[in-house]
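Just below sit the structures, each encoded as structure tokens.
Here chain A shows up in two complexes: once beside chain B, once beside chain C.
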Partner chain A sequence: MEETVGPSEMIVHLGPQHPMLPGPFRVNAKLRGETIVDSEVEIGYIHKGIEKILENKTYLQGITIVDRICYLEALTNEEAYVGCVEKLAGIEVPERAQYIRVIMEELSRIQSHILGMGEYASFIGFVSMFMYTIRDREDLMSVIDSVTGARITHSFLRFGGVKDDLPDGFKDDVKYVFGNLKKAIDQYEVLFSSDSIYKARTVGIGTLTADVAKDLGVSGPPLRATGVAFDIRRDEPYLVYNDLDFKVCTQKDGDVYARIQVRLDEMRESMYIVEQCLDQIPSGPLFPEGTAYGKRSPVMRIPAGEVFHRVEAPRGEMGFYMISDGSDKPYRVKIRGPVYPTLQALPPLLKGVTVADIVAIAGSMDTCTSEVDR
Partner chain B sequence: MQLDDIIYNPLLRGILGLCLMGAIFLGAMGAVWFERKLAGDIQQRLGPARAGPYGLLQLVADAIKLFTKEDIIPKNADRLLFISAPILMMGSVFLMLVAIPFGAIIIDGVTYPIAATDMDISILYIEAVSAISVIGIFMAAYSSNNKFSLLGAFRNFARMIGYEVPLGICIVSVAIMAGSLNIIEIAQAQSPLWFIIKQPLGFIVFFIAIMADMGRLPFDQNESEEELIAGWITEYTGMRFGLGFFAEYIHLILGSMLIVLLFLGGWNLPAALTANTILGIILPTAFYLGKVILVILTIIMIRWAVPRYRIDQVVDLSWKRLLPLALLNLGWVIALGLLGV
Partner chain C sequence: MDANSIIASLSDKFPDEIYDTDIESNIRIVAKVKPENVVDVCRYLKDELSFGHLCCEFAADYPDRNGIEVIYVIGSYDHPVILTMKALLPRDKPEIESVVPVYWNANWYERETYDLFGVKYLNHPNLKPFIIPAEMIGEWPLRKDYKGFPNRTANNLV
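Let's turn to the complex of A and B:
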């Protein structure tokens, strides 16, 4: 963006401490009146150096670190990291542990989507909706908490398995929570599709085309809202997703309304997946037989090699590229997060819209700045 | 005649005006509490619950906080404008207050409205002075030397130009139907039939326009906190912020009173109910204020149930929807008048 300002133009800096941006990043917008002429996104305010930290931690210690990349998708981050190590070391995860992982990751996807949706509603001034989603999310958090022992940073996955088995009565808890959640989601859908102000603020706003999205590497709900049916759970299955029945939710329009709708549909699909898992889950060990992975601190030397493993995080494609030199620490870890490309899609989308739509469009992307600035 | 002398005594009127001023402050505090409690109910949480019974003392705590906060004036602000803007806004709502009746006392079939003044053009006067607050908002935004404030002020002007026109036309329709510009006579004119029944379209347009006038969501673009931090009031702290905040709530109450006076029949009751002296003193005012509270309740509930319009959509709504509807309503009222209904 050029810093020179023409007549009747001004540059407004939204962020990094703007009250309503989804996380500390900055949008520099050049305005003519209310219309945005040009804009750019600045990131890097909360860089944590996680890739470097991982090089200095043993493999097992790394699990707690990848949780902190983004607290809303902690479990899928762990899955990507643990999956890398399992590929390198050739560890076979027992089936029960795989099912537990799928259940927990889908639950985590639902809570992330529901929060993203509520946050978006509050960005266009619909604060009550935000409160409703917080209420519904709270039940989910309790269910997740009952298994992992933590609300956001779980450290639940282990190489070759999971930390704990599902507690007694877990199935009933999930059934109860899902019963409420399904009703709530139906209500949200009716509310969204019948509210004329909501539609005026979302339909046709921030339209991302499939070509631009693919060029920039956008993934997850923003990509699927443009009509591209790309979902790593189906296209490059990991865990037991092959045995499960689910559809990839897409919308055609690529606008804000479509992105929110995709999240709503995906929550339903995730609930369906969890229900299937709870019906199919076999009994068995949580760790491969005859190994020490389940012990508190296994001495782990991972064979040398390079590997890339990616999973479908709530916000899109989360991938870890890992090089091992045969020691107990990774030689190099590169993280490919879903939100960085999504943020790159913002400046072209913001051209020509009004100030009120900045937070609306940025919010509908469900960005997680913590993950961009890893 | 003895009673009339007492009622039209200028000194007593002045004292009454001061009492009404105090009452409206209490009312505004009540409205704040009411809004927070109701918002809590709508959002399935408690709202203020810790300070005092039902959180009633929360307002006192808030007032103490506002009074004791550091009063910051930005370095590059225009001091004179910055300081006088909230005063101007408060002045605007108090000028409105002068002409709006707070109820009425009916003694022996004669109605004595509780208002500081009884002027013949009061509805025009109310319209005129309520527009002053927009100048106050622009002064605040311009003087605080903040881009977000300035954007908020721009929006405020764009919105005001949009909604004042349909609002004015609706008031004209009401004045034509009542045959008077005096708000007390307009209220009296609805004795058998309220104007909401005679001109429902006018009521809808007026209701939307007055909500925009009060700056209530979905029309609070001038201080939409999501994109403009707090809009025109961003740089204000302490009691200066408090004045602007209170001015808005007083505006909410006065606007609701206008709705009741112009369309919902004011304090009119069947004569049989007010024949008794004691009932004549209590009932009309209670009936009137009860309706005002219902209107306030409706407006607050709307605020928490909808998202916010974008500013261009508000201007569209005012010029393309409300204005034609208001003109249609004006034609309807004139037609009714010609037919002698």
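Let's turn to the complex of A and C:
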């Protein structure tokens, strides 16, 4: 963005601490009247250096660190990290552990979408929606808590398996929570689609077309809202997604309203996946038999090599590139987060809209600054 | 389009510029590229082989080889193959042409790599301090010989 301003132009800084921005980042917007002429996004306020930290931790210690990249997608972050190590070391995960991972990751996808959606509604002034979603999310968090023992930073996955088995009565708990949640999601949809003020703020705002979205490199719900059926679970299946029946939810319009609709549909689809898993899950061990891998793995040396493993996180494509030199610590880890390109795509989206729409568009991308500044 | 035909097409078009190609599996291929040709190769990948999705771009430091490797992980929306392309730069003067004209979202990846490794991207539209404070430029914290971790980085926060 050019620092010089023309006549009747001015630069307004939104953030880094703004009540409506999820995490600190700054939007510098050049305005003419109330219209944004040009803008730029500044990040780096909470850079944690996780890539450097991972180089100095053993592989097992790394699991707790990748949780902290973004607390809403802790389980999918772990999946990407653990998957890298498993590919490098050639560890086969037993089927029961794979099913448990899928169940937990889909549950965490639902809670992430539900919170993202509620937060988004509160960003544009629909605060009661936020209260509804927080209430319904709480039951889901209790279900996740009953398996992993933690609400947000789980450290649940291990190389070759998972830490704990599902507790007794888990299936009934999930059935009960899903019964309520399905009604709640139907209600959200009615609330969203019947509210004329909400529609006026979202329909036709921040529109992305499929070609532009591909060019900008966005992934996840913002891309699927433009009609591109790009989903890692379908295109590059990991775990047992090959055996499960689910559809990739897409919308055509590519605007803010479509992005929220994709999230609503994906929550229903995730519940369907979890129900299938609970019906199909086989009994068996949680770790590969006859190996040293277990709940408390010994210090392990991973064979030298390089691998790129990606998974479908709630917000899009989460990938880890890991270089191992044969020691007990990774030589280099690159974290490719889904929000990084999404946040980068804000300035082109903001061009020509009014100041009031900045929050509506930025919020609909479900950004997580913690993951951008990892 | 599968891994074999992509490798064949690449080595056909760039016989000297691309070397050390390898097929790791049917969805992962690796190639090394000469740094001065990286933009041409990327443009060919995007236009002819439908590699339209830059997953990420980053660097890795190898003091024992006296080099910094810039790594491009490029995927596609149309086929499942992912290409890992590497360019080795000298450690004392790491400079490479920016691929922002081809892949728009390389912009932030390159700025971040400059901050952390000191890889200078030529003709980059906006190569200024990004995620670390401006006074830390020149320390290149993610290089292997960086002495400040963790104390110096923690002091900076206070």
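For this structure, a couple of remarks:
Everything that follows uses one rule, which is that the second predicted complex is superposed on the first by the 372 of 374 C-alpha atoms of A that agree within 3 Å, B and C clash if a C-alpha of one lies under 4 Å from a C-alpha of the other, contacts with A are read in each partner's own complex, and residues count from 1 in each chain.
The rule is short, and it goes like this: a contact is a pair of C-beta atoms (placed from the backbone, for glycine too) under 8 Å apart; a residue touches a chain by one contact, two chains touch by 3 or more.
Computed from a predicted structure; not experimentally measured.
Contacts of A:310 after superposition: chain C is touched, whereas chain B is not reached.
Of the two partner chains placed by superposition, A:351 touches none, neither chain B nor chain C.
Judged by the touch definition given at the top, the superposed model places A:340 against chain C, while chain B stays out of reach.
In the superposition on chain A, contact of A:123 is made with chain B only, not with chain C.
After overlaying the two complexes on the shared chain, residue contacts for A:252 are found with neither chain B nor chain C. By the touch criterion defined above, A:236 reaches chain C but does not reach chain B. Of the two partner chains, chain B is the only one touched by A:12; chain C is not.
In the superposed pair of complexes, A:182 makes contact with neither chain B nor chain C. Applying the stated contact rule after C-alpha superposition, one finds that A:228 touches chain C and leaves chain B untouched.
Within chain A, no residue touches chain B in one complex and chain C in the other. Against chain A, the residues of chain C that register as touching in their complex are 27-28, 30, 52-56, 58, 60-61, 71, 73, 77, 80, 82, 84, 103-105, 107-108, 116, 130-132, 141-142, 149-150, 153. On chain A, the positions that touch chain B within their shared complex are 10, 12, 14, 18-20, 31, 33-34, 121-129, 131-132, 135, 195, 197-198, 200-201, 354-359. Residues of chain B that touch chain A in their complex: 39, 42-45, 147-148, 151, 154-155, 217-218, 220-221, 224-229, 304-313. Considering their complex, residues 43-44, 47, 49, 51-53, 56, 214-217, 228, 230, 235-236, 306, 308, 310, 317, 319, 321, 323, 331-332, 334, 336, 340-341, 344-345, 373 of chain A touch chain C.
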